[in-house]
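What follows is a pair of complexes built around chain A, which joins chain B in one and chain C in the other.
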Partner chain A sequence: MSFADTWLFLQQGVLSGLVTGSVYALLAVAVVIIFKTTDVPNFAQGEIFMVGGYIALFLILVMGWPYLAVIPVTLVGVAVLSGLFQRVVMERVIASKGVGVQMVIATLGLAYALKGLVRTSGLGDTPRSLPPLASTDAVIIGDAVLTRLDLLIFAVAVTVMLLLFGMFTYTRVGRAMRAVGMNPKAARLTGVNLTRIRMMVWALSGLISAVAALLITPKILITPDIGHIAILAYAAAIVGGITSLPGAVVGGFVIGIAENLVGLFISTNAIVVAPFVAIMVVLLLRPQGLLGGKLQVKKV
Partner chain B sequence: MSNKIDRILLALMAVVLMALPFMASGYVIYVVNLLMVFVVLALGLHLVIGETGQFALSHAAFYGVGIYTAGLINNLWHPPFFVSIIAGGLLAAALGYLIGALALRMRDIYLALSTFAFGEAMQWVFLNWQSVTNGSNGFRISPATLFGYALVSDVKAYPFVVVIAALLLWATVALSRSQLGSAFRAVRESDIAAQAMGVNVNAIKRTAFTLSAAYAGIAGGMYTLFASFIHPESLGFQTTILILTMVVVGGIGSVRGAIAGALAFGLISELLRQALSFQEIIYGFILMGFMMFAPKGLFAGRAARRAPPPATPLPAASRAAATASKSPQRSAA
Partner chain C sequence: MNQRSRYAAAAALCVLALSATAQAQQEPGITDKTIKIGVFAPLSGSGMAYGFDVLNAAKMWYAKVNKEGGVNGRQIELVIEDDRCNANDLVAAVKKLNEQDKVFLLNGGSCSAAVVASREYIEREKVPLVMLNASGDGALYPPSKYIYGAFSISQHAVGGSMVQFASEHLKAKKIGYINHDDAYGGWNLEAAKAQAKQLGDPALQVQSVNPNITDVTAPMLKIRAGNPDVLLLTTYARPAALIIKKAHELGWNKPIVLAVNGTADLKQLVENVGNKDAFKNVYIQDVLADLPGGPKLTWVYEMYKQSYPDLAAKPGHPQSYMPYGIPPAMAVVNALKAAGPQPTREKVLQALETMKFDSGVMAGPIEFGPGDRAAQEAAIYIKFDGTNMTLVPGAFKSTWQYQK
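The block that comes next holds the complex of A and B.
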């Protein structure tokens, strides 16, 4: 491989990585906000994302709606589904004294149920994708080639993340969510309604997953098993330190770029296993992640 | 009391298992063989999650290592079948020891995620190590033999499968009654308290992982006795979750629960094999339903022998308690 080739591959890998990485970052943020406020690693993250894609597909392909109507309905639909799951199922698990293991298994139950429901709908029989939101004309940056759609994905993802940071920093409800994440008991004493906040966090997480689904589904083919993509979101969240929002964003970009570089320089076959290796290496060498702060030791 | 019921149930199970080959067809025997494998898998996961409280999600990987090791040895040299099963168990145990080393460094979600990653990476190995596992084409296992007697059918393998499962069940119960079992449970309740009591926490965790992996490896060997084909697709996270479900819905920390869960969910997954979407929906709702209304599972584990958790004191009650015990505490201080 000559130097010029390497340089070209590097540019292409980094830029494509930033695009896919921005979607992983969104999903990682969706994982992290739930983990921070409710202590639940949401194993249904990928399936919630998948359902977002299929709601949009259903509305466009079967109902024939225009994008203008599809986008808000999908966003609201997934947010409501996700919020309801917390309100109905997870609150009930907490009420029956379920702890970590039980809550994880409840989310696994949701994952299975959603996958099965999408499969029975028949839409999942063949891999499909949404009509493009933006034109797929090529845009050349440096020596690398991206499409307009790629730029749109990146721009929207970054905007959503900025809005989220604004929300968590400046609004009452955002601060209440952070307070619940830091110390639920103290938050309740200051008048925060825990049940309501937890429901809103899940709804918010669903909303972010739906955004990610709407962004990436025009670019890739989806099947009911696309939920596997959440593994990359988990890898991103872990690389960044599973309780840090900026960490999740950085982790998303790191994973996206790493994935593309591995694909270009090593082999496309290695892409599949790369995130697992990343998870194990990070957990072994720096268990708190890149931006996870100091490692905490639990005392009895 | 419950001991008596256990004995009756065990006797009943033994009678049914002994009568079965004379009354049932080949398919039923195949399903029972499979259920025995699930029982051993569930017992193995019970050791590491139920007894020791380490949330490990790589059971299917060890199961796969057992299947491929036993199958390969069997295909190459045709030794008496217990040799290949033991080899599979040992290799899985060695890997389990390594993963146990991970467990020393992390806990809870970190452990869950890293073992999950290990399991997925192993499935990738099964899929891509073409020359050994035949990759995505699946792997054919020739019939196991015992000194020239070939186990060519489900019925011929059946007695051996049942005996191995019974041996491992006995080993599990003996283990949980031994000092090692107490040490496992001490680690489950609290690392630090266990250490303070003189339990070597690191060694105990490693032992739990090694044993659990050995069980899964042996289960893999049992599978090679009656099955002739394995595909890496069935050695992924789905299978780990199936076994986890057996253990959790059966009742975390209870051997009875692990067995009941293995039988119930093994049957469900086998009966609904043809209808994937229905299997997933039913599965999902069972999981959510159980966690909502009976999170401790069918058989809550050893609750009677554990001290109740300290209730969070109400402000008034704690104040009263504080005043009541004020003078002795002060004097002690």
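The block that comes next holds the complex of A and C.
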């Protein structure tokens, strides 16, 4: 491989990786906020993302709505769906002293139900695309080629992450969410309504997933099985530190870039393996993740 | 010959005739007036597009044969099952048809992975299986005495034919090749390499990708860096759309040839790529004898309209794979005819092994051999600009053969 090729691969791999990585980061944040506040890995995260794409697709293809209406309805629809699932199903499991595994199974049930629902809708028979939110004209950066859509995806994803940072840092509800994540008993003693906060966290997670779906489905296409992308979000969350929001963001970018660089410099067969290798390396060298803080011993 | 001898000879002939009839009637699914055939395909679920109308096409061919008097005086009776394109359901359907309905032979399977799962049972039960439109390379190689298939095309032939087209028609000396890293990809690449070797070894630059890939930057960039004369794509529809889109973004303007694996819904493909300029130099592989709706295939579509007027009036019908159902039904009928008035499974299998005929539906002849259970190994190529289709003259055949 010539030096020119190596330099081109490096530039293109990093820039394209930042774009897809920004979406993995969003989904990783959606995973982490639920895990932090409920101790439950949400195995329906990918399917919630997928449903976001299909709601938008339905509104555009079947209802003929413009994007201006589709975006808010999709965001609200997925947020309400996620929040309701927490309120109706998960809270009942918590109320009946259910253990973690029961809640995990409940999320798996949601995943299968959503996938089945989409399959029966008639839209899931073939890969489909949402109309892109921006043109796909090429933009040259250095030697690398991106599209206007890529730049929009990156910009919106980063903006959403900054807004989330602002919300968790400066708003009352954001601080309440963090308090529930750190110590739910203490949070309740200070007057935080745990049920409401957990529902809001799930709704927020759904909203973030819907944003990710609207951004990336014009680029990667949508099928009922596209929820497998959540595996990459989990990889990002673990690499960054499963309880760290900044870690999830960093992890998303690391996974996005690693996929491309492994594909370019090692083998395209290894692209799907790259996230798992990254998980193993991080777990071996820094089990708490890149930004997971110090290892903590929990009293049981 | 005296009278006693004449009586003895007549009695012997009667015994022979009776024993032949008895033998035929011992065969499951055969009566004096009917032959029972088990037919199965995905008739519901997400895989329905692969087989629903394919089975309808087979049914209309059997109906035509019955109308013309049947096979050696027997009417064909079909028992139909839904395999949902799923291995468990398909094996259950095969078992039901064989054990409960006691069919003479099986004619079914539109999904390769599902039909491959039935191989062990078919061989154990020694019941002939003539697939519908599944490629089913995993069930065809190594050759089984009881299984015949790939009436549309085998995955091996997909790869071999693509390389033949790239070399013969596009005069490519250096060929970029993107396939999947699964069994399908392995099969078509094996034949692609064999074909390249036979053509004097044009350089084959291969990038294998997972079917779930979300970012195709790496494979496409590596292909572009290798500077091949043509890019052959044997991926499924979603990765194919992503790669054509990425190729356009990266300024690729050399020919792209898309295998039949990714062409089930061309309108959707164009929508998914999102830019017709990306199709300026795209060819698609097809396995039919003519362009969809072309004059050579008019009779098939007319026959469908007459057989299923209500269905034909509905949008989305006939489904694009519909014509694929006719050649397997033709093969079954031909084999039954060749087996004579007292057919046995053994005789049908013998007839299938040496069968060769032109279906008038597919790009190449339907042809089996002692070591070859794949019916069809040729493809046509169509220049597709996102709207219009122009047929490239001729058919391009894979020469790959199974080696022990």
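Operating definition for what follows: the second predicted complex is superposed on the first by the 298 of 300 C-alpha atoms of A that agree within 3 Å, B and C clash if a C-alpha of one lies under 4 Å from a C-alpha of the other, contacts with A are read in each partner's own complex, and residues count from 1 in each chain.
Basically, contacts are C-beta pairs under 8 Å (C-beta built on N, C-alpha and C of every residue); 3 or more make two chains touch, one makes a residue touch a chain.
Computed from a predicted structure; not experimentally measured.
Contacts of A:Met280 after superposition on the shared chain: chain B is touched, whereas chain C is not. In the overlay built on the shared chain, the residue A:Arg92 is in contact with chain B alone; chain C does not reach it. Of the two partner chains, both chain B and chain C are touched by A:Asn269.
Within the superposed three-chain model, A:Thr20 lies in touch with chain C and out of touch with chain B [touch as defined at top].
Using the contact criterion defined above for the overlaid structures, shared-chain residue A:Arg119 touches chain B and also reaches chain C. Using the contact criterion defined above for the overlaid structures, shared-chain residue A:Val101 touches chain B, although it does not reach chain C. Of the two partner chains placed around the shared chain by superposition, neither chain B nor chain C is touched by A:Trp7.
Residues 119, 269, 272 of chain A touch chain B in one complex and chain C in the other. Chain A makes touch with chain B in their complex at residues 35, 41, 89, 92-93, 96-106, 108-117, 119-120, 231, 234-235, 238, 242, 269, 272-273, 275-277, 279-280, 283-284, 287, 299-300. By the touch rule above, chain C contacts chain A in their complex via residues 45-46, 48-49, 181, 207-210, 212-215, 217-219, 221-222, 225, 237-238, 241-242, 245, 249-251, 264-265, 268, 271-272, 274-275.
Against chain A, the residues of chain B that register as touching in their complex are 49, 55, 102, 105-106, 108-110, 112-114, 117-118, 120-121, 124, 128, 190, 192-193, 241, 244-245, 248, 252, 276-296. Those residues of chain A that touch chain C in the complex are listed here as 1, 5, 8-9, 12-13, 16-17, 20, 119, 124-129, 131-132, 136, 138, 145, 147, 216, 218, 220-221, 223-225, 228-229, 232, 256, 259-260, 262-264, 268-269, 271-272.
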